[in-house]
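For clarity, chains are labelled A, B and C in written order, and residue numbers in each chain start from 1.
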Amino acid sequence: MSTRQFVALCLVPLAIFALTFLALPLVRLVLASGEGEAGWGIYWQILHTPRYLTTLVQTVLVSVSVTIAALAVSTTAGLFLTRNRFRGRAVLLSILTLPLAFPGVVVGFMIILLGGRQGLFNAIFPGHGVFAYSIFGLFLGYLYFSIPRVLLTVMAAAEKIDPALEEAARTLGAPSHRVLRDVLIPALAPALVAAGAIAFATAMGAFGTAFTLATNIDVLPMVIYTEFTLSANIAMAAALSVLLGIVTWGMLFLARSFSGSTIAAGG
Amino acid sequence: MRIGKALQLAVTLLAAAFLLVPTIQSVLAGVTVNYFQGIRSGLTLEWIAVVWELYASSIFLSLGIALACLCVTLVIGVPAAYALARSPGRLSRAVEEFISLPLAIPGLALALALLQLYGSYKGFRMSPAFILVGHVLYTLPFMVRSVQSVLAAIDLRTLEEGAATLGAGPVRRFFDVVVPNALPGILAGALTVVTLSIGEFNLTWMLHTPFLKTLPVGLADSYASMRLEIASAYTLIFFVMIVPLLLAMQWASARAQRMSQ
Amino acid sequence: MTLTLRNIAKTYPGGTRALLPTDLDIAEGEIVSLLGPSGCGKTTLLRIIAGLETADAGAEIRFKDDDITHQPVERRKVGMVFQSYALFPNMSVRGNIGYGLKMQGLPRAQIDARVDEVIALCRLEPYAGRAITALSGGQRQRVALARAFAPRPRLLLLDEPLSALDAALRGQLRDELAALLRQFGITAIFVTHDQDEAMAIADRVAVMSQGRVAQIGTPEALYRAPQTAFVARFVGNSMPLGGRIEGSQLHLPGGTLALTAPSDGKAAFVRAEDVRLAEHGPLTARVTAVTFLGTHYRIALSGATEDTLFCLHQGQSAPKPGETVRLAIAPQSILILSPEKAAA
């Protein structure tokens, strides 16, 4: 067997698997979206049915807010942790990256423990501390799993910044807020765009957290789920899935072209 | 400057508290007799026992699927990563991009796609293999990338040429030179695959059957229908399984990354 | 002939011709160096001999009576030392050296015996059990040589074996490598861009330029009788004199030199050590720089030729920059060659 043949052979299992369980099902999904009463007009229908449109807008709004909040929190924490060495730093870092492996449902449960009827805040402010099942609870849930992802991306980029850049700015007389604005943020910009895109895409598609918290809130994954299971409106579920998939894939594609890699998992 | 630093520290600590406090709550709730009354009601392992009785099969199913998923991703992923590393180019990039789609497309959409195409094959639909397919789809890109990045960092072509001039054919070179030198990447990939498979919910929720519930599916079930202490105890068990795996995964990934620099 | 190469050429998919049709014969036990600047095709030729690259159609590679043109690399029984050594980091020194023997399917005891023998030969005993990463550059180089030699290859190929080492070590290991190769008594081909290295190690040197062998011969022959301007410059450090040849006379800006024979249409070259300061020499030049190099002075001169001319001057003192001096070059030390083509 020649080397070329062997290398080709190495791709065969992957090709079979990816074709059978990825390519064909995705094609089927796209076709299924056009098999309803409206045919391919279903995509037009999404934009003209108030319920779907509101869902779409609401999902985008929550995701954008989460993205902004996660960027603000994680950039602050990430820069602080990269630029300071102190006892307990490693522990702090572990705590901040721990939720990477939490499934969305567990994240939802964490928010219930904070803001549910038996939650921490309701125990401190009885009668006023229940927010877990509101849109704010959903926001917190998404923020919970976005913080570690954004943090890791920001820290990876911050560690690559040459400390001499900051020192040079200081020797030229720049005060720290100018150093941040003129040196650090520009150097971090690609990572911030990438991390933001990751946070946005993950929030758009997050099902587990919504499943636990958003029983009464219309966000895209929940609407897809109810269309499929309760209304048995297969075509609409498929069409919304295709739409969601294109949006999240597009965002992550953008992220990759900015930073080269994406941070793993969950949601 | 001082104020700025204090503010940064405050934000960092607040974020850590936000992530940590509920996990501690859940650990405590899982071993408290009555969470509503608090710790004063006493500590107990009773809830853990209840969880074990109710959900042991879910836990074992998840472990089984995670191991099976690991085997499949090793068999498919390691040779594929090698082939992709051996032939860099636009086609390889396209293949990589394509198999990474399950990271970009929400699990829900993927699960719908699988259900549309294979849902009517009852024997397959009702078997654990159906869930396994979903998990492999989702974890395979991690294995491929992890191995590929280590292989890209070593001078694979020259090492293989060295082995070839000493009389080793392609298969021998794969097992004698490629695999041993890719081990850090394989290890990091394997830990990632197992960690993600055990925690996978988005795909699994759509693919599972009432008789085949994985650990996270059981968790969702307990959150919806059990008292808080049981849900917490179950979450505690999940933490005990996942946290060491996560730490090991982070260690292995950092090690693989260090080696590939 | 042990190794016969006929019509070896290499054209890359883009149309770039890395190697023009080349013939080469190498005798049993001979050490041949392929010498040339980067991009001259020397490494391509070596890799084709190894079987790591395929030559264009029509090539023929024979080892004694065995046609190995189409044999895959793993069956050619050639040992190769790579520029980066390509030692397997997942195996120890012993593991690396024994790998080729293992591939031959030899029994454990025989492998061990041969590995011990080669380790002793290459004086690697203190490092035998070590990991590759725990070795210095020079030690790695010897392990790479031992690994290539252990399976008793028919031919040993070395691709820039010393270039990964720093300058101080390189000189020492060059002599060591030359001695080891002689001790092995093996037919060897090695590629280098360093003419000292080629001269020190090889029985014969093939000077390559722009995808072809410009001249092949013993180091002395190449140095004393270069056949092309390229060889004269690359091997002998000869300087083109320029000027204009009329009959047996060379007219230069600084004066006229006598040649041994009429050489119209040719070009003249000279080595720095053949340029002498002489009170009544035929050439006038101005000293632009003087470098003291211990055993001699290196004097840069302008005005004698169109470009700067160098003179290696042995003596207790040298002229100062700015002084005007007179030079002589003996007619028999002027090399008369065909003029260089533009890029050579």
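Here is the rule we use: contacts are C-beta pairs under 8 Å (C-beta built on N, C-alpha and C of every residue); 3 or more make two chains touch, one makes a residue touch a chain.
Chain-to-protein mapping (UniProt): A, B = ABC transporter permease subunit; C = ATP-binding cassette domain-containing protein.
Every value quoted in this text rests on a predicted model; they were computed, and no experiment measured them.
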item	value
Reference chain C; chain at largest CA-centroid distance	A
More contacts between chains, B-C or A-B	A-B
Distance-to-centre winner among chains (Cα means, whole assembly as reference)	B
Chain centre separation in whole Å, for chain C relative to chain A (CA means)	59
CA centroid of chain A to CA centroid of chain B, Å	17
Separation of chain B from chain C, taking each centre as the mean of its C-alpha atoms, in whole Å	55
Contacts with 2+ other chains: residues of chain B	164, 169
In chain C, residues with contacts to at least two other chains	72
Per-residue overlap in chain A, given as positions that touch at least 2 other chains	2
Chain B residues within the chain A interface of the complex	1, 4-5, 7-9, 11-13, 15-16, 18-23, 25-26, 29, 35-36, 75-77, 79-80, 82-84, 86-87, 95, 98-99, 101-110, 112-114, 116-118, 133, 136-137, 140, 142, 144, 160, 164, 169-171, 174, 192, 195-196, 199-202, 205, 216, 219-220, 223, 228, 231-232, 235, 238, 242-243, 245-247, 249-250
Touching residues (chain side chain A, partner chain B) in the complex	1-3, 5-11, 13-14, 17-18, 21-26, 28-29, 32, 73-74, 76-77, 79-81, 84, 92, 94-106, 108-114, 118, 120, 140, 143-144, 147-148, 176-177, 201, 204-208, 211-212, 221, 224-225, 228, 234, 237-238, 241-242, 244-245, 248-249, 252-253, 262, 264-267
Chain C - residues contacting chain B, complex	50-52, 72-80, 82, 84-91, 99-100, 103-104, 147-148, 151, 157
List of chain B residues in touch with chain C within their complex	154-155, 158-159, 161-169, 172, 176-177, 180-181, 183
